[in-house]
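Please see the structure below; I have some questions.
Note that the chains take the letters A, B, C and D in the order they are written out, and that residue 1 is the start of every chain.
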Amino acid sequence: MRVTVQEAPFDYGQEAESFANGRHDMGAIVTFAGIVRDVAGGLDVMEIEHYPGMTEKALEKIAAEAVERWSLGDALIIHRYGRMGAGEKIMMVATAARHRKDAFEAAEYLMDYLKSRAPFWKKEHTAQDAGWVAARDEDEAALDRW
Amino acid sequence: MRVTVQEAPFDYGQEAESFANGRHDMGAIVTFAGIVRDVAGGLDVMEIEHYPGMTEKALEKIAAEAVERWSLGDALIIHRYGRMGAGEKIMMVATAARHRKDAFEAAEYLMDYLKSRAPFWKKEHTAQDAGWVAARDEDEAALDRW
Amino acid sequence: MNVLYFAWVRERIGLPKEKIETNATTVNELIAELRGREERYEAAFADLSALRVAIDQELSDFDSPLEGAQEVAFFPPMTGG
Amino acid sequence: MNVLYFAWVRERIGLPKEKIETNATTVNELIAELRGREERYEAAFADLSALRVAIDQELSDFDSPLEGAQEVAFFPPMTGG
């Protein structure tokens, strides 16, 4: 299990590859990558603020819960903070399980909890102005599934 | 959308990376990789037979259905056939969507249909003997979800 | 008509593919004809619930008509992924 | 006690962190105290449904006790991922 919170970009392909390598007991690997989306075509920069200390604690708790609940072989969370442009990868999670159902469910669980329970806040900067991204009701509602 | 059926190994990290790159409109990437599992510790070789021609048609149909149903930005299926050892990657799928729920659902749909509707058959070889892997009832049942 | 066999069906019958002249109008009729041939066909087609069929590379049912079919394939339930 | 502010709460109050001497026994009491200070605090804490609180880096409720707390943080609902 690994949790990394960093400002620097990470190498998604490399991380996915090394996460998936050398496993003879886990048949299923799922990864999710979140990418800065330029919905309106005017995004200059996405800025992500976080709460150093609490962020790591919250992510480690979420990952440990997923590992236990689905008997995962491994779990990975990488999340960036700071400023990034459209198309850049914000974060990724990965899960390894014996069967695909567990790997998928655990990855969705990680994402649902990370979205609403890890202290990150997104601010979108355009040429004209800047605004904090509002939390979506369906993200909070997604937690009811678990 | 890309469907590849090949005997040679593929580079999972590289494929995941290039699938995820250069997308400014899709915020969510999900990948699944299936790995040869050595459950009992005695597996020599996993052999995968397929039905050339039908395999490609079936996978393309499954991918096209997922792209349409979830308005995916892109979908990828790579599946190997032939002989491979424990720990080797058998196949992968990837999906790109605006939001994570669609990317996850579409990837699970691809996997569920690929499992039970694409003409591949696995045979496990150990030092002692060899046997065809039996289809699991829950794989067939998984299709009811869609 | 080309008839193809995969996985243990291929192993049981002992060949991957053969050309068959037949007047069978459905898959079921074709199977009845094959079962009458030799013991190895009888063994392969003994339990239809363990078999799947594709007509011209599309999954089909055992009561599907064969009219115009170029290629019929028999195999066990699929286990990819 | 260290009080931390994040995102628009930080922007509205105008600072990321401050040390506060208080006798407040719950988060709600602390908020009442802060709101009484200046307009910018009043503005930040006007709508509690738009706020979340963490005590010593654990998500908590507004009626949680502050006894022994070293660090209290206020911020909007989180938007990571």
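In the analysis below, a residue touches a chain if its C-beta (ideal position, glycine included) is under 8 Å from a C-beta of that chain, and two chains touch if they have at least 3 such contacts.
A quick note: this is a predicted structure, and the numbers were derived from the prediction, not measured.
The chains that touch both chain A and chain C are B. Look at where the CA atoms of chain A average out and do the same for chain B: the two points lie 23 Å apart.
Here the spacing of chain B and chain C, counted between their Cα centres, is 26 Å. Work out the mean CA point of chain B and of chain D, and you get 48 Å between them.
Touching of two or more other chains is recorded for residues 34, 100, 111 of chain A. Counting partner chains per residue, chain D shows two or more touched chains at residues 81. Touching pairs of chains, sorted by label, consist of A-B, A-D, B-C. Only residues 4, 6-8, 10, 54, 57-59, 73, 75-81 of chain C touch chain B when the two sit together in their complex.
By the touch criterion given at the top, residues 34, 48-51, 53-54, 57-58, 79, 90-91, 111, 114-123, 132-135, 140 of chain B touch chain C in their complex.
If you check the complex, the residues on chain B that touch chain A are 11-18, 20-39, 86-87, 89, 98, 100-101, 103-104, 107-108, 111, 142.
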